[in-house]
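The structure is given below, and queries will be raised subsequently.
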Amino acid sequence: MEALRELVEVIRDLYLRGWLPATSGNFSLRMDEDSVFITPSGKHKGKLTERDFALVDLEGNLKDGQKKPSAETLLHLTIYSMVPSAKCVMHVHSPNATVISRLANDKISLKGYELLKAFGLDTHEGEVVIPIFENSQDMSFLAKKLKDYLFEHHDTVGFLLKSHGVYIWGEQVSQALMKLEALEFLFECELKLAIISGK
Amino acid sequence: MEALRELVEVIRDLYLRGWLPATSGNFSLRMDEDSVFITPSGKHKGKLTERDFALVDLEGNLKDGQKKPSAETLLHLTIYSMVPSAKCVMHVHSPNATVISRLANDKISLKGYELLKAFGLDTHEGEVVIPIFENSQDMSFLAKKLKDYLFEHHDTVGFLLKSHGVYIWGEQVSQALMKLEALEFLFECELKLAIISGK
Amino acid sequence: MEALRELVEVIRDLYLRGWLPATSGNFSLRMDEDSVFITPSGKHKGKLTERDFALVDLEGNLKDGQKKPSAETLLHLTIYSMVPSAKCVMHVHSPNATVISRLANDKISLKGYELLKAFGLDTHEGEVVIPIFENSQDMSFLAKKLKDYLFEHHDTVGFLLKSHGVYIWGEQVSQALMKLEALEFLFECELKLAIISGK
Amino acid sequence: MEALRELVEVIRDLYLRGWLPATSGNFSLRMDEDSVFITPSGKHKGKLTERDFALVDLEGNLKDGQKKPSAETLLHLTIYSMVPSAKCVMHVHSPNATVISRLANDKISLKGYELLKAFGLDTHEGEVVIPIFENSQDMSFLAKKLKDYLFEHHDTVGFLLKSHGVYIWGEQVSQALMKLEALEFLFECELKLAIISGK
């Protein structure tokens, strides 16, 4: 499948950038009304192939594939249920995302950057807010918090889990990648500015 | 075309360095008196091919190609009109360029570096000034400010748009790349020095 | 041999990441009760092949191979003798590991990160302690200190040698690599946080 | 020629690491009593081939090759004349080397690192001093200062030119590369420590 092949290639590239250390991160692709391809648990992200993906329904039941789906499957499914346009979800552990999630409290506000337009803004003069949720091993609890947040904030482009990593989504693999690259770029700029300004 | 092929290869390399995140950046090549190849709007810069370029005249009208030319075409054309020797214009969004553009006011002064010679200076003892323009979504307004500045400052080697990125040009692809690499190197040094000296 | 081939590939990748500068670092693979493949002394880690490894017994005597085994062979053998499940030992000189080993006193405490789960923890709420030993050229002395420490701390996942580098191990090449990537990621996060918080 | 082929490959790798931006840097290989291959002036270091090298005698006169030898040829020849064991000289413009040369006064002292052993020390407890010379466009003047320094300090392993870059040498290409990687690693560690300790 074309989109799955494209996603596998993206995952390998992101591994090489160092955003998926130690088998971390997970990725999914919505196929139709009731099926989602999702990466397996605990697999080296530089060596993933199309055959490694698990196929689950929207309740997370395994429909096909021999691998155990990612422990964070429920977060992916929550995004698909709350954001109907989302067809691809990406979750990575870049150092910048993890560091910035520990420095801020419950959100990061990104302002003034031209690259904000990657999130659909018409101008650099807008603001994009990235919420930060406390990390938890209780996926139902996290999914509930995420669902409530997305219900209240329709314009959400992604979120951080504290000391953990970032989630982002798009209407295709390429759009999710574009938003992920934009967010990582903005986190890197914000951290460099914080270092220099001594914040 | 040889120069276009060379430019495509450079663009892919710059994408891999992380200077063109999220489909950002744009590049052009002046072909003759009245035609310029320019990258299309919103295309992944790691996957660009020669066929993706749009051909425009010096007023920005599309002469050939199926893609919409970059929204910043007018800035490229302004450079070609004000700097007759320029045959290639490069615009990238490296984190260093973006960060330094937010730290300084209206210009950055680079002094004392051997690599200043990449801009045609005879010695490291000269100075290169990189102006910073406020970012704007009004390309006519930005083009006017750029034109006025270049009219007054014939020795300009490039400029920054605040919170946005850097523009540079050269007499061929290789010279524009050389100047871009020099500028990025100098921005990186200046930022590291600012971090350490606590500025 | 499959595992040795896998290890050689990992070593080349780690060289390209800059964690094995100047022929530094060493790696070993336990084959059976009394034989260990170990990298030779002073060889460029980006150009290593399977044939470069020395085969030693658990006292460090050369059983096969034309190369001199790494000067740090004794540390590898101490790990294999104290941690029976370990089948692969990795030692790298990443800048982050070296820098953090000079900043802390005798240990680094890692807390709150999701990626701690790479070390077998069930939750991000645990703690992983990485001891730091004073560097020494006396391998018997170092091996004795390491042995004593591992005897007292069965849950040790790796250790630092001050101003030198990091050691880590796993039940296969892939697990050792996973733990190494996790540790490097955590060191990078801790250093960035230290820079920003001005510690 | 084998050694020249090896050197060309090293140069391309160093370009990809970002240590040779904007056609900067130069490299040479001593062939015999009176001939030295040296890189040409102003050539992209990622695209260099064996045929691009100029062959000069020990006074710097062109013996063969169509390219103009590097403007810094005299510094290479001074090293060969003062350090008879040197067969390969490398000069790069890494950001770390350039930044550290601006922070320190006339020398950098490197102490306590295991990797100091790359310079022939028996232990990490020694010290390596890297002198920093003021940059100059007068190569005869610089060569004279270098010659005087090397005459007084036989154990010199390399030197910095302020705001410019680093020079290092070795008995073969591989040894020069090893020393260069060690020095770059140590500069990176020193800069990170300076940033964190707020020096």
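So that you can tell them apart, the chains are marked A, B, C and D in the order they are listed, and the count of residues begins at 1 in each.
Here is the rule we go by: contacts are C-beta pairs under 8 Å (C-beta built on N, C-alpha and C of every residue); 3 or more make two chains touch, one makes a residue touch a chain.
This one's a predicted model, so the numbers in the text were calculated from it and none came from an experiment.
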Query raised in the report: After a C-alpha superposition of chain C on chain D, what does the rotation angle come to, in degrees rounded to the nearest 5?
Result: 90
Report task. Between chain B and chain D, two touching copies, which fits better, same or different residues at the interface, with half of the numbers shared as the threshold? Result -> different
Requested in this report: Measure off the straight-line distance from the CA centroid of chain B to the CA centroid of chain D, and report it in whole Å.
Outcome: 31
**Report entry** Geometric centre distance via CA averages, chain C-chain B, whole Å
**Finding:** 44
Query - Shared interface positions of chain C, touching two or more other chains - result: 195, 198
Query raised in the report: What topology does the chain touch graph have (line, ring, star, complete, other)?
Result: ring
Query raised in the report: Given the complex with chain C, which residues does chain D contribute to the contact?
Result: 17, 112-115, 118, 122-124, 174, 177-179, 181-182, 184-185, 188-189, 192-193, 195-196, 198
Query raised in the report: Given the complex with chain A, which residues does chain B contribute to the contact?
Result: 18, 21-24, 44, 93, 95, 98-99, 102-103, 135, 137, 161-165, 191, 194-195, 198-199
